[in-house]
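Note that the chains are named A, B, C and D in the order they appear, and that numbering of residues resets to 1 at the start of each chain.
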Amino acid sequence: MTTEAPAGGQNGAASPRPDGEPRGTDPATMMAVAMARLLRSGETVFHGVASPLPMVAALLARRLHAPDLIYLTIAGGVGARPERLPVSTVDPALLHGARALVTLTDLFDLSARGRLDVAFLSGVQIDGEGRLNLSVIGDPVRPKVRLPGGAGSAALMPTARRVILWRTKHDSRVFVERLDFVTAAGNVDRVVTPLCVFARRSGRLVVESVHPGVTAEALRSATGFPIAVESGTPTTPAPTAAELAALDAIDPGRIRESEFG
Amino acid sequence: MQDKRTTLAEAIAAIPDGARLALGGNTLHRGPSAAVHELVRQVKRGLEVVKTAGAYDVDLLCGTGCAASVAAGFVGFETAFGMAPSYRRAVEGGAVEAKEHACYTVIAGLRAAVQGVPFMPVAGLGGSDLPAVRGFRRLADPYGAGEVVVVPPLVPDMAILHVQEADAEGNARIVGSRFEDVLMAQAARRVIVTAERVVDGACFEAAPETVAVPAFLVAAVVEAPRGAWPCGCAGCYDYDAEYLAAYVAASRDDESFRRFVAEHVLGLAGTPRPAPGNGAVAAVGAPRR
Amino acid sequence: MQDKRTTLAEAIAAIPDGARLALGGNTLHRGPSAAVHELVRQVKRGLEVVKTAGAYDVDLLCGTGCAASVAAGFVGFETAFGMAPSYRRAVEGGAVEAKEHACYTVIAGLRAAVQGVPFMPVAGLGGSDLPAVRGFRRLADPYGAGEVVVVPPLVPDMAILHVQEADAEGNARIVGSRFEDVLMAQAARRVIVTAERVVDGACFEAAPETVAVPAFLVAAVVEAPRGAWPCGCAGCYDYDAEYLAAYVAASRDDESFRRFVAEHVLGLAGTPRPAPGNGAVAAVGAPRR
Amino acid sequence: MTTEAPAGGQNGAASPRPDGEPRGTDPATMMAVAMARLLRSGETVFHGVASPLPMVAALLARRLHAPDLIYLTIAGGVGARPERLPVSTVDPALLHGARALVTLTDLFDLSARGRLDVAFLSGVQIDGEGRLNLSVIGDPVRPKVRLPGGAGSAALMPTARRVILWRTKHDSRVFVERLDFVTAAGNVDRVVTPLCVFARRSGRLVVESVHPGVTAEALRSATGFPIAVESGTPTTPAPTAAELAALDAIDPGRIRESEFG
């Protein structure tokens, strides 16, 4: 999965970095923590290529509340305990400590037969139903922008039990009313962005919580499809001291920030 | 025992223009880059490149005019280096056809080839535009009520795999991630193995489980130290971040790309850059450099 | 790390009557015999046994009334011991249904299960009566002119595999031939692993390629030294020719079979016969005894 | 593949053991040598369970005229060099010296895509087209005799480039006019028995050569379908000294005889 920008690699350029907020509310930390909180012990959890935030989130969850989380990657090491975090999330660093090897084929099959609990996926465009586009901007045959391609998404989104989308840029070119191409659609459970967490209810993305310091107006104007942000919409809890300590231990080099421009 | 060792130049010379090539490895890891450089040097044309997730290999073949089409689930340099610039430009300009795929439909096509069947059913894909744009058909389940997308066989004329160790006969040992290399070796009509080291195959007898591809599937063996470079090769060397960054930067326009290729690919003449470390195969997953 | 170790009795108690069971190993080799003995002791009924090529395991489950049907490509004791006597008698007498299969159609059904698809195409089978008697349908190739036999999914409720080494979490190391064990582990709803030795899983980190089944597919781990006996277990012990000959001889009629089972299976109470050699895992393929 | 007898395991009871013939014309040796001669260097050659004669034949051919023969078995060791020959032809002895492991699935796939050169198969019944029955005698649903099953044959016979059948018993209950069940049919090239070698021409088995000491009349009466044995029908050449020496080296324990009663 990729969060590569459609043009020029200026990822996260629109991401807010609120000043004066408590430690740990920078977007990368907020996202990693919010994503980790969605994972449960015992679940099989997969991410693909170009997925530093899911990597950090899965390792964070396993260190904290989900010790029996089964961490699966394209590198194929099952339950790896990396000594350093790579920027490439297919890196052999993700084999360290693994006691068994699987292939990407094995992992797609796992999902296909309904045994993958969580897949992390992303989209260059994401619509109000949580569908995504990683294929093209413009006409599919002669596109304005050829995107990297959907990787695992078209196969995993309908078959993984829960799909968690993440995207480090939250603006109205990403969260769009209408996709240029539907690369994948399916079992989206949550969408985590630098501004908020969406949940999918009755087939539509709704704002579940707004990150500290993000205004309703900022969120609405950054989102290309209609959303409701009520006064009662909760604020995403800031990272706890335990979460921040665990993050420091897992990701001292702040690889989680590598997806941001 | 057949000795299948040959030079990279000879192995690649056997690939005709228009061939369908499956390339082993994944994104920045264990791609058969030395062989790709040789494809560029031999000015191949009209290639169809098959890969689940490609980066430098696919991009370079697109930028140098070798590739006419790409069947891949993903083409990009991951987070550190971004989009694949020449692939993008070639597809957007119409020079290269991007055959839309999920990694799993590439795998399904290879599986159909491996199993000698006319199609392979694939779970998922519901709601995606992919089956429609690729012309993948749906078949009714003759044993039940549903239907399923079926993918036609994807038979590579040649699979090119870069591995850590091979013997002269073609037994190929992969250290760490195997990616789709084994499937590609089985699906392809012929297989070229490039290896960091050609070793005495007797050393495989103690651990045949580590040999990913048996010799009888392999047509040619080429010793190619640092043959994945600038990709990484598990246990041997990391990907070359500096080179890849320079490659992506040089790809901003045709002129600088051409200069970069002339210097770094055409000028290489089969000689990879000197290794920053030694070439021994170390434990995988250990910290490097 | 989940500790999935349990007793053989508890692991087998979780299998309901009528379950579809895939058994690992092949003919005289690495069958999960200790688990099969426990199935007999627990008087399971109505089982469907899935195996590519079975011998003692399938035959014993048929002779003791545990099996109602067998889906296998082959059931027999190979050249040294001949036909499977209880399997024959049970099928000929109508007590057990022999679901005609080629090994490859068993594999195809398991593959459909693994891949979550409603059918799996299978090459070959032309001219055979097998598709007709099993009701396997033919589908037209939507991309070409031919047609192909498709096999429905074969989803075992449980796969039971005997391996040389496992850790408490369920990572299962197979020395030597893997047969269809990996496919069965992936296809089944649950997996029981019995192992010659339960070891500290840290020892797998140096050679994860030798681990055939990852822990996350495994529900229960049972330490069962000589758990394949009377089958052989590569690197540990050969099949027990004397016992197997006595078993086949005793199977000439119901009465002598019952006596044999009472003495050798029901009387075993989970305790295998003492090993003639030591239980250490030696190099596979070396001469034995 | 099996040569187990349909009832009672009296394999080879009807096999002639001509007296006074030169050394090496015993049926097991004649068959092993005749089968080995059919194999060529570079070919992928597979046998299944219960196949001592094909095992010996493949190893013999590799030692003599086919050094690059690729010897494949269900044990999965590619190019094994067994130190002793097992009676069970799935034995781990067939892993010794192997440099790669494959599975039975891999081997069926190899054949399915047209890359298996030779498969050795057998039948309890074999008809005049070279089709075989390993399934049932009598009615398939409630058989008089339940046979072991076809193992690989139904899949391999139509897809392997050449199928070599062997059977250690040659009588009119084996070589029948009509099969009770067609377990498998396909690319039969030769059939080797204790009496003769059949070749398949225009879809029918024809006698290619008769083993030393076997009369035309004996062969005709042992064969349940019509065959032509002309005065010009060649005699299968007796094993050469080189073949016998190689056999002694490979199979000193005469495992090749284990299929005979």
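Some notes on this structure:
In this text, contacts are C-beta pairs under 8 Å (C-beta built on N, C-alpha and C of every residue); 3 or more make two chains touch, one makes a residue touch a chain.
Not measured: the values here are computed from a predicted model.
Two chain pairs, B-D and C-D, are compared here, and C-D has more C-beta pairs in contact (counted per touch definition above). One inter-chain figure worth recording: chain A and chain C are separated by 41 Å, centre to centre, where each centre is the mean of the chain's CA atoms. With centres set at the average Cα position, the gap from chain A to chain D is 59 Å.
Taking each chain's centre as the average of its CA atoms, chain C and chain D sit 27 Å apart.
Each of the following residues of chain A touches two or more other chains: 77, 95, 97-98, 101, 112-113, 159. Counting partner chains per residue, chain C shows two or more touched chains at residues 115-117, 122-123, 209.
Pairwise, the chains that make contact are A-B, A-C, B-C, B-D, C-D. By the touch criterion stated above, chain D contacts chain C in their complex at residues 2-6, 9, 48-50, 52, 74-77, 80, 82-84, 87-98, 101, 103-105, 108, 111-113, 131, 135, 140, 142-159, 181-186, 258-259.
Residues of chain B touching chain A in their complex: 26-29, 52-53, 72-76, 78-80, 82-84, 87-88, 91-92, 94, 98, 100-105, 107, 122-130, 133, 176-180, 182-183, 232, 234-235, 239, 284-287. Of all residues in chain C, only 1-2, 113-117, 167, 169, 171, 186, 201-202, 204-205, 208-209, 211, 213-216 touch chain A in the complex they form. Contact residues on chain A toward chain C in their complex (touch as defined above): 42, 44, 67-68, 70, 77-79, 95, 97-102, 106, 109-110, 112-114, 159.
Note for the complex: chain B touches chain C at residues 112, 115-123, 137, 139, 141-144, 146, 148, 150, 152, 206-207, 209-210, 283.
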